[in-house]
Amino acid sequence: MKIKDTVHFQWYKSLFVVFIIGVCFLGSAYVTDASLSEVFGNLDQMIAFLEKLSHPDFSYIPTLLSPMLKTLKMSMLGTFIGMLLAVPFAFLATTIATQNAIVTNIIRLFLNIIRTIPNLLLAAVLVAVIGIGEATGIITIAIFTFGMVAQLIYESIETIDLAPLEAAESVGANKLQIAVWSIWPQIMNSVASYFFYAFEINVRASTVLGYVGAGGIGVTLSASLGLFRYDRVSIIILSIFIIVLIVDALSEAIRRRLA
Amino acid sequence: MIVFDHVSKTYDNGVKGLIDVNLTINDGDFVSIIGLSGAGKSTLLRAINRLNDITEGEITIDGASLSQANKKQLRLIRRHIGLISQQFNLVKRSTVQKNVLSGRLGYYSSFKSVFGLFSKEDYALCNEVLEKVGLLDKLHERCDNLSGGQQQRVSIARTLAQQANIILADEPVASLDPVTSQEIMEELKNINVTMNKTVIVNIHSVELAKQFSTRIIALQDGRVVFDGDPESLTHDQLTMIYKGNAFLKESGK
Amino acid sequence: MKTKNILTNKWVVCIVIIALLCFCAYDIDWSSLAYFSWGSLKGTLISLLQPEWSFFYNGSGEDVFSLMVMTIGIAFLGTFIGTILSLPFVLLASRNLWKHNTIIPRIGKFILDVLRSFPELVYAIIFIKVVGPGPFAGVLAIGIHQIGMLGKLFTEEMESMDEAPVEACHAVGANGIQTMFFARIPQLLPIYASLTLNHFEIGVRSASTLGLVGAGGIGATLIFAIQGRRWNRVSIILLCIIVTVFLLDLLTGYIRKKLR
């Protein structure tokens, strides 16, 4: 009985995959100077550090309320502006609305490029160009949201029922009218759902945007780290965690009701 | 031999699935269970290999109590009972061979089966049963590339690989077209007659039930309302079982 | 007017949204925009359009190419660790593996939620204190964060999988381990692989930012270039990041299609 008669008849495929993964693994480990012994060797340092973090400075909470609120407001405004811009571009990015493959592909390329820029790096660049402060944070979030949500919206446009569009076209509606009266009502609920999804992600991201100066609680975090005040660092981290939990729960509840 | 002794099943929400069922199914019978949806057909069938637990009464298979069996004993009992379902219950992405061999899992330790170390005899058995259902050429084919009828035949092959004495079929032809349904039922009858295996089928089509079974059991609201050979199943009894003339109009009787 | 009608009325919702936005906008420090000048923006944009090509590869090990390779390495190793370590948690957190016990899945899910709530930057800061600055801290940061992210996605897939083949295995007399390997894993493997590849790509994006706090990769170099207002350098770095992520997107997309 040969191997090719058994359940392992494609053993060479599995071997190939394992080999590739192994090569990448070793390559990465080399390139990043990874060493397991370092993790365990410095375990006592980790414990000492965690010990410093385990005494959060609860008295610092009142000082945190204002930056926290600013972070939330920053996210809310940024998400809203980003979505406002995303909707028209999303329509342009699908042939269902534009009937024009060239325009669609150019817009999609543009959106792809915007989406590949990491959030924090965008913030750093904008801070250097525009200046520090929450306004920069809002613009960063807006651009990031724009890229992310535009894709979500055009993907959902691709899944709608085309019958109402055909009906509208047959009575002589132009592309703009079709977009507003046939496409938009079908995706309205999804768009609202994406708003909260983006808001959730942005709150998480905006907590660290301040690290590069774009406002919000990240600024306080960066300051406390610089001063080695780990008791403050830990209370900041704790509050970030709680805020994210609350926003997540609220967002999920609202999105479930929209679905 | 399967014996149901005053078997009842009451669900957590108070609904009664089975009420005082008393049955004896002999080896080599071809039994069809008919009745409306929700009458308790699936509950009854799945109680035989204890995929459903019963709340009262006893089920014994060849003298061994099913309800009292511990995990190990249950495993041994299940090895000899095959199950075929409406949705074929195959692992779609795996090959035909792997699905059929999974019928032998009850005979292997975890270690060997995880590494796919089946014995030569089992590979030979797999080829033999696939030959019997006419699918040997699809040995390494992925199951989702097969038609509905072919997938059901792979399911049947799996029960043959188990060397099961009892074959339970839960609506085996409900998702198949009439021609394929006939083929599958013939396959089951063939196994029943040539290999002397007990076959118990849940089925909606009374014609197929009458055509192939040696015995028909009808359930209504959890109770057995008819238990006998197909010839004695009268028109009036069918009307009572199916609570109305709807099905009679369809079958044109 | 009943309360329910008020809350779902279109106009009320609009007014509430506008009020919320104004409330948000009021408090924000808009002063930074005052320092903004179009002239400097123009100068910056011109520099951005002239990437410093020589910085791409100069054999020093500090150039964009080598750093990008390091960044990809960080992402790969981090995602690798994250995937492997998330599996035990997935086993704990999936409801359909714990028939009669609702407490353990809840604890499992909670742990995964905690792990994914912290931004990677926070983990990077912590790990720098443990293993020192450098790429390995980035690996660990991404790894731990991915345990949470992949763990949650894997659990969702496990809980929504088709239980019919599982039932078939039980009917044949297979035990838990056999059921896992014959019914569950063949179904889940393609989806898990697809999710892992997707998160590897996301990991590359994160890895490029972690350099900010000293966790290795291209982030640190980028920040220095930005702070030094060396826009030509910033440009080549950003270009490289964009192209790399784009190529990885194509590669992982291709592999994911083959997995279907």
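Here are some notes:
Should a chain be cited, it is by its letter among A, B and C, assigned in written order, with residues numbered from 1 in that chain.
Please note the rule applied: a contact is a pair of C-beta atoms (placed from the backbone, for glycine too) under 8 Å apart; a residue touches a chain by one contact, two chains touch by 3 or more.
Only a predicted model underlies this, so the values are computations on that prediction, with no experimental measurement involved.
Distance between Cα centroids is largest for the pairing of subunit C with B. Per-pair tallies of C-beta contacts place A-C first.
For the pair subunit A and subunit C, the distance between mean C-alpha positions equals 8 Å. Look at where the CA atoms of subunit A average out and do the same for subunit B: the two points lie 50 Å apart. Put simply, the C-alpha centre of subunit B and that of subunit C have 48 angstrom between them. Contact of a single residue of subunit B with at least two other chains is seen at positions 98.
Annotation for subunit C: no residues touch 2 or more other chains. On the subunit C side of its complex with subunit A, the touching residues are 20-21, 23-25, 27-33, 35-36, 40-41, 44, 69-70, 72-74, 76-77, 80, 113-114, 117-119, 121-122, 125-126, 129-132, 134-136, 138-140, 205-206, 208-209, 212-213, 216, 219, 222-223, 226-227, 229, 234, 238, 241-242, 245-246, 249.
Those residues of subunit B that touch subunit A in the complex are listed here as 95, 97-98, 101, 116, 118, 120, 123, 139-140. By the touch criterion stated above, subunit A contacts subunit B in their complex at residues 1, 5-9.
Interface of subunit B with subunit C (complex): residues 49, 51, 74-79, 81-83, 85, 87-94, 98, 102-103, 105-106, 108, 110, 113-114, 158, 162. Those residues of subunit A that touch subunit C in the complex are listed here as 21, 24-25, 27-35, 38-39, 42-43, 45-46, 49, 53, 69-70, 73-74, 76-77, 80, 112-113, 116-121, 124-125, 128-136, 138, 204-205, 207-208, 211-212, 215, 225, 237, 240-241, 244-245, 248.
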